[in-house]
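You will see chain A twice below: alongside chain B first, and alongside chain C after that.
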Partner chain A sequence: MSFTCESLIPFAPEIILVIAALSIMIIGLFMETSSKKLLGYFSVVALLSSTAIIIAKGVYEVELTGLLAGSLSIDPMSQFFKLTFLLVSLLVVIASIKEFEEHSNQDEYYTLILLGTIGMMLVASAVDIVTMFIGFELASLSTYVLAGFNKNEPKNIEAAIKYFIIGAVSSTLLLFGLSYMYGLSGGLTNIDELANFFSMNTELLISPMGIMALVMMTAGFGFKMALVPFHMWAPDVYQGSPSVISALLAAGSKKMAFVAAFRVLLVAIIAMKVEIGILFAILAVVTMTLGNVVAVGQKSIKRMLAYSSVAQAGYIAMVFVVVTPEALTGGILYVMSHAFMKAGAFITVGAVCYVLLKQNSKAQDVDHIDNFAGLGKRSPFLAFSILVFLFALAGIPFTAGFVSKFILFLAVLKEGYLYLVVIAILNSALSLYYYARVVKYMYVLPPASDEKMSVPTPYVIAIVLAMFGVLAIGIVPEPFVNWATSAAEVLFY
Partner chain B sequence: MQSIYLSLILFLPLIGAALTFFIKPREIARVVALVFSVIPLFITAMLFSRFNSDLGFLQFQFAENYTWISSLGINYSLGVDSVSMPLILLNAILCPLTIIYSWGEHKDANQYFALLMILQAGVFGVFMSLDFFLFYIFWELTLIPLYFLISIWGGPNKDYAAIKFFIYTHVASLVMLLGIFALYFSTNVNTFYIPDLLRAFAGIDDVMKVAIFLAIFFGFMVKMPTVPFHTWLPDAHVEAPTAGSVLLAGVLLKMGGYGLFRVLLPMIQDMGTYQGQIITIMAFFGVLSILYGTFAALAQTDLKKMVAYSSVSHMGFVMLGAAAFNVISVSGAMFQQFSHGLITAVLFMSVGVIQHNVHTRIISELGGLTKKMPKLSFIMMGGFMASLGLPLMCGFVAEFLVLTGSYLTLPVYAILAFLGIVATAGYHLWALQRAMFGSFNEKLGDIKDTVSYEWIPMGILVLLIIYFGFNPAPVSDIFQAASSVIPGVMQI
Partner chain C sequence: MVNDVTNIAYLIVALPVLAFVLTLAFGKKLPSGGGYIPILAIALSCIISIMAFLQIRETGMPIEISSHWFAVLNVGIFIDPLASVMLLMVSFVSLLIHIYAIGYMAHDPAKPRYFAETALFTAAMLGVVLADNILQFFVAWEIVGLCSYLLIGFWNHKPTAAAAGKKAFLTTRVGDVLFMAGIVILFFNMREHVLPHISGQEEVYLLQFKTIFENIALIPSQQLTLITLLFFGGAVGKSGQFPLHVWLPDAMEGPTTVSALIHAATMVTAGVYLVARTFPMFIAAPDSLMVVAYVGGFTALFASTMGLVMNDIKRVLAFSTISQLGYMMLALGMGAVIGAEAVGFAMFHLINHAFFKACLFLCAGSVIHSTGTNDLREMGGLFSKMKITGITMLFASLALAGIGIPFLKILDTPIGTSGFVSKDAIIVEGTYVFAHLSHNWIPFAFGVIAALLTAIYTFRLWFMAFTGKPRQERHPHESPFTMTGVLSVLAAFAMVFGMLTFLPFLEFVGHTYDHEEIHHLAVLGENTIIDHHELHHIVGEASPIIFLLPVVVGVGGLLLSWVIYNRRWISVASIGNWKNPIFAVIARRYYQHEIFIELIALKFTYGVLALSAEFIDRRIVDGIIDGISDFVVGAADIVKKVQSGVVQNYATATVAGVALLGLILTFLSITEVI
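Our next item is the complex of A and B:
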């Protein structure tokens, strides 16, 4: 297949971002720090136009396969996740405009975010394991740097190093697993071909080599998805990184692992025709339970959100147990809902921390729960936003969290996994406890100081957008459900 | 053209809540809140007058139906029938009265009124929803405002009470949700529309039926609440501000009873061989609640806690009446819901006044309050007499019907429940005697009597109680019609 310029046209959204990322890097060299804020606006424009192109191309029934030598395809699944990633990056970039306005390396910051987004979008589209891995690495490498972006903060550096080492190891494991698949199949890299091959040669998958490959892949994806016992990095990294980057990590790059796992692992599970659901059931149950139980004791809000994120990954991991289109629909919808809820929560917490640091630049541990006492009095807007995001995470009606939990649990129960749903529901109730505690701090306890908090506009815009997403999915779920359904059907034709 | 009245009733309080929330001065906020809760009362009264109680089971009036999530068969469907109409009226009556009663609230009054109105909307939603998804949403929605009412305006132990209330009832709702899921899958009708699910219920296998029934029953039992799942209630009541208690006991508990009539009773005739056991379970828990609630109330030293336990025992009559499963007892149980809503509101309001003016609710520290608070004492007497079941007040009508009805089918349980009634009279009179009569406890100092915005709503309630005691027909006829069309219910 020859390479022509026409073959790139379907990838206009990615290409726009590449051009934007590179030009920001170059232009940034010649700009004063004070005016670098413009680069943030430029990134917003790039992300918006990329989003617009994706929406214009259609998200329900678009089907372009075999692009670029069969390595990429555009289908409802990829469109769904690409939009999720773009929107998360958009929220993050908007919120960052204020947070990093005095930072001298802003140009690199925006470049990295855009590159990371491109990596995630590549993963969403990839139907070839090599392309997928490249996308993975592009996104990971960018986020490693972003996690340590405040390089004078020891906590940031610690988070970044930890994230880098664990990330590198997990990438290796993943690559190791993928290479075994490649070897076993005699040189196939396309996921569809691999699936066909293995469904005809199931014995290869349950041979020691095949099992090794699956275990390695599960571990590799497990690290990225932060499933227990591969989750240790997540709380440290989410707590240590700048809040907006935590939002990007939890809502963006973690979700990238989910789409990749849906495409590779789920297809492998379908092809295997062997009952390994119980393994994933254990993984899912342990993940959600440990995440929630540990979250109860956290004093740092960001760390609590990190553990809640681990728990939520546990819910989504039920999809690997119940391999049905309905469950995948629920899982996919959950991914998008969680992206909005978590990004919103982290950004709002980031805004609180930002304002607290502005008021007292020597403050330590600004995300400690004590600092949120009386937030309802000091900043009704921020308190209300956190309330909405937390209640959404807990699955209270009229929010995205409720709808996606409802659909996911419904699908799991449909296949008769009563015990899974009961455990998930108990977990959900437990999670309400620590979310409600934050709410109590914000609205019931007296304020730590009487100083009002004024929230910078960029934060307000990002928070309002995220809240809009959460409530839109919660109140008008129909289009999102249909969309997730058509995305899920890609893997089950 | 679909009717829009129900949506209006449902959304006006929500709009009012949003407006109230942003109006800082409490003088304006409370007026807005009152206006937006009085309009639904007028609409409800109009619907009530146009209501046709002759229609059969699952025949809904003023219905609205819009597709919401078509792939799962979820619709926005509202409608009322004879089971729900009087309860909607009850909610519409109680909310404005509660708002008037809270006229003097000083602490963040705008938020306080906004939360009361969200609560009102949530309860309306539960009583109107014909789709389980919607039903569940409103069911859960009621938790949030009450959680805040308790945890912000509550008493000394509010943190514990609020979180206990929230988690306990949330877990129960989740169990109910499991039951709903199971019902959805086993019926295979691919809809959450309650009437369709109920019609399809007969077709599923018996063990599954029992499992579904028990899961949903658990959700309702906790809400009602039924002993031994009542422990959240006394805590929540004692710590909640008066308005929160009034709405909690007045309408929120009724949601559990309403669910019983709407969802579970129509299922009973399809239970096959398990019908007997199910009825025994219900009757057992009903009588247990009556007796336990009564004797626990007898032992209380805190007046408000006593009233809370009296709620437990009165809601036991609802369960017993439902279990007896004949026209008289079921309509009595429904009427008990309505009358208890009115009566308990008076009780909690009176206790609220005592708490507010005397600064204690411990019965032994009170005494002789009639001398200092004649107006309150007069109204409170009315409430207490109604609560102990004095004839010609509406509590008597309800409990009489329940006992008569259940004596016909469950004589043993009815006799046990009757013992409870005796003790009920006991603790009410004893509490009145210690707290209100006798010589005035001089240590209490100078005490003011109740103010107009407090005694007016209480007076209105007492008048309603007496009116429905003399002339229960407007409401009881509707309930009679409702209970006689529930499939399988014994006609007597």
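Our next item is the complex of A and C:
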């Protein structure tokens, strides 16, 4: 198979990011810290142009398969997720411009975010298990470093190390599982071919080796998706990392695991023809329940958001139980909605922490819920934004959270899993408790200090963009639903 | 040219919404609290409404814009003659009230909030009027309710104001719940009976008025009666009909301009408009229309008796609003025999009422502004000090009392104040014709007796405030031009609007509904309605007494008031003392407070329902909840212990998870295979 420049054209968005990432790395070597902020703007431009190209090419009906020796394809599914990743990175980069303004290694920071984004985009397009794994690792390695980016903060370092160790274990498991698939199929790496092979040789999948492969892959993806019991790193890391990086992890790299799992696990489940729904039902129920229950007791907002993120992964995991196009539509829509809601929430919390630290540089545990008391008086904008994002996460109507929950739960109900829907709805009700508690702190309790909080513009832009996304999906759901439907159809037809 | 208005119709609502945002954001930095922004915006809305009106009159076609929202729902704008006249009235009266408020609210520090909220209030009301589907109607309707809560409780540092806001919100909420239940039942009926017929058609949406009206025949008639009654329940709440009228008198706690907005242009007329808007559904459910007629007629009478004994100038006007809204409902109810003509009469009275009631409220505001009291007993002899206010209020009072010249008609138009023209139409062409055909004279009696009482309390107010000797040492002065100018405009409208527009108005609004269609729907409801010619025939043959009666009672009431309150030939004290049982009952507002608050609210709802519910709640529900929450918190503690922060444990958990998954999967595959 010949390699020509033309075969690269469909990957213009990724290539732009590669060029941008490498140039930032090199230019950064020759720049003063004070002017490195420009590199942030440069990254914004790169991400925007990448986004523009994807939108210009159309996202509904693109279908290019067998690219780069059959390892990548461009379809509504890949475009949907790529756009999600790009938008999340965009939000994160915009918000970071202020947060890391004085950091001497900003150039590395932006390079790593862009490289991580490329990794995620690669996973979204990958139809070959080896390519997928490489994308996975590219994104993981970048985020390991980013999680510990504030080298002088012990909490950052601790978070990064934990993330790295558990990440390494999980990558091993994933690779192990993938290698079993490779071996069982006699040397196939293309997902479509694997699916064909296994649907004709179902007995291989339910052999001990096949089962091990499936379990290992579930564990490997489950780590990134933060499914119980592979979730334990998530609260520590989300809490310990800079808020913007928590946003990237929760809204970006977590969703990468979902697209990979949709493409590999879902296809494997379809091929298996054995009813293993109960396995994922247990995973989903345990994940959502544990996430919500533990979130109730949290005093740290970031940790609370981390557990809520675990719980939300539990909802999405219901897709693996009910393997229907409708459920997958709901799941995909949920991924995008959750990306906006969670990124918005983390960035807003990050903005609060930033301002609090600015006012008192010795403050400890700035994301403690007590610091949010009376926020409605100190900064109406931030308080209102948190309110919107939390209500969206809880699934209040006219927000993205409601629409995606509605479609997903309805699809699950349609297949007769009443008990799953009941548990999920009870969980949603429980989640409202801890979200509403934050709202109570912000609007009802008296402020800890009367000092007004002025929010730096980059944060405002990022927050407004995320809020726009949350409300757009909530108020005009139809285009997004259609889009998610066409993405879901990729796997089923 | 023609498409111009269609393309900009959305601005009618969008501009006041924009004004709301701008005033809220920048009001503090602008002169007059940013009050000029809503004035400009509403003036533009008014101009666009006029353009829309002209276009509809010229082309005879309604303005329709609809865009897909999701699934079977849409958002859209629908302006037919009915909506068009409402738009004109709402935007014009609201504009005048906003101009007046610049003067009236000049000393209030919270002006930006005031103007922002009134702008939103107006926007929401305009949104109600031009909604093209019932859901959008309901959303705007709810925003109207929210704004009324904010504005009635505008002086929220006053506990009575805050309580009145809450009362208005909660009382109208009772109606809103009924309305919403009606929408839900309608939706299920539409989905079950209508959807199969229209699926596949482009651009057809289930809750669009057009779709509903075209398919009324497919909805079972008992269901239709239920739906329309529930809709009327919503209207009873918003339009202050018995028994949900209790919020309206208290709503006086807000600034007088807000009272004027609520009573004239927005809010209370929304209920009447709801019935008029869904009239095709009501006509097919004649039982509901009879309920509308009786509730309306009774309210008209009941509220006018209470107007007699109130001493707060604004409360008198509040009860008069309730009573006049009763007339409008009564007129709509008469649709059971006179068909769509009823909509014309009700709307005509609504519009006239908007003018003279806005005028009366703003005059009252002017009086309060200068004397600093609401109490009629403390006023008196104001006329010499406040000539413009006195004259304009006299004109508006004449209109409210329905004074006019019977039998005299020029070019088929009756001669008299606007209140005379429209009330006369309701009494003669509505209730009399109804009585003639069904031999049921009760609605007619409601109308005539209420008219008598209306005249008495109206002039009682005027005589007490403006004539006689000042009963208390005050230094009244005339109000500034922004206020008196508006009063003059409104008073002029109150005097001549009725005469000038009677026939063209009825003709124009008559185009709202296709008369044959209405006839058809009436047959569907096993009801016969008469057409235009028959109506004229019956009215033409009516005895002169019928025509004389409304005017006679009006003038009689005026004279009675003059005798009692101006000349004082009959001592007020001899009637209005607590020994007189009738006075006592009325002055205590029919023991409504005792019945609604103490009996129903406190004794029954609180004592029986709430306490028993509380028992169940505390002992049983709380027990379960506490149990669950103890469990949750306990579980969280255990999990927190596992979440030790030691990374080795995390790795162990991962491996254990893998093992567990492997076991489950193995078990599953074995059972499946065997």
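Just so we're on the same page, the second predicted complex is superposed on the first by the 493 of 493 C-alpha atoms of A that agree within 3 Å, B and C clash if a C-alpha of one lies under 4 Å from a C-alpha of the other, contacts with A are read in each partner's own complex, and residues count from 1 in each chain.
To be clear about the criterion, contacts are C-beta pairs under 8 Å (C-beta built on N, C-alpha and C of every residue); 3 or more make two chains touch, one makes a residue touch a chain.
Being a predicted model, the structure only gives us computed values, none of them experimental.
Engineer: Counting only touches as set out at the top, which of chain B and chain C does A:Val18 meet: first, second, both, neither?
Structural biologist: So A:Val18 meets neither chain B nor chain C here.
Engineer: Which of the two partners, first being chain B and second being chain C, lies in contact with A:Ser170: first, second, both, or neither?
Structural biologist: Only chain C; A:Ser170 stays clear of chain B.
Engineer: Thinking of the overlay built on chain A, is A:Ala429 touched by chain B (first), by chain C (second), by both, or by neither?
Structural biologist: It touches chain B, and chain C stays clear.
Engineer: In the overlaid three-chain picture, which partner chain does A:Pro477 touch, first (chain B) or second (chain C), both, or neither?
Structural biologist: In the superposition, A:Pro477 contacts both chain B and chain C.
Engineer: Just chain B (first), just chain C (second), both, or neither: which does A:Val286 touch?
Structural biologist: Once the two structures are laid over each other on A, A:Val286 reaches no partner at all.
Engineer: Have a look at where A:Thr485 lands relative to chain B and chain C in the superposition and call it first, second, both or neither.
Structural biologist: first
Engineer: May I ask you to decide whether A:Leu413 touches chain B, chain C, both, or neither, giving the answer as first, second, both or neither?
Structural biologist: In the superposition, A:Leu413 touches chain B alone.
Engineer: Is the number of chain A residues in contact higher for chain B or for chain C?
Structural biologist: The larger set of chain A residues in touch belongs to C.
Engineer: Report for A:Phe391: first if it touches chain B alone, second if chain C alone, otherwise both or neither.
Structural biologist: It touches chain B, and chain C stays clear.
Engineer: Thinking of the overlay built on chain A, is A:Val215 touched by chain B (first), by chain C (second), by both, or by neither?
Structural biologist: The second partner, chain C, only.
Engineer: Using the superposition on chain A as set up above, list the residues of chain A that contact both chain B and chain C.
Structural biologist: Touching chain B and chain C on chain A: residues 477-478, 481.
Engineer: Which residues of chain A touch chain C in the complex?
Structural biologist: Per the touch definition, chain A meets chain C at residues 161-162, 165-166, 169-170, 173, 206, 208, 211-212, 214-216, 218-219, 222-223, 228-230, 232-233, 235-236, 274-276, 278-279, 282-283, 290, 293-294, 296-297, 430, 476-478, 481.
Engineer: Using the touch definition from the top, list the residues of chain C that touch chain A in their complex.
Structural biologist: My answer: residues 68-71, 632-633, 635-637, 639-640, 642-643, 645, 647, 649-651, 653-658, 660-662, 664-666, 668-669, 672-673.
Engineer: Using the touch definition up top, name the residues of chain A that touch chain B in the complex.
Structural biologist: Touch list, chain A to chain B: 391, 396-398, 402, 406-407, 409-410, 413-414, 418, 421-422, 425-426, 428-429, 432-433, 436-437, 440, 443-444, 477-478, 481-482, 485.
Engineer: Sort out for me which residues of chain B touch chain A in the complex.
Structural biologist: Checking each residue of chain B against chain A gives 67-72, 133, 136-138, 140-141, 144, 147-148, 151-152, 158-159, 162-163, 166-167, 170-171, 174-175, 177-178, 181-182, 184-185.
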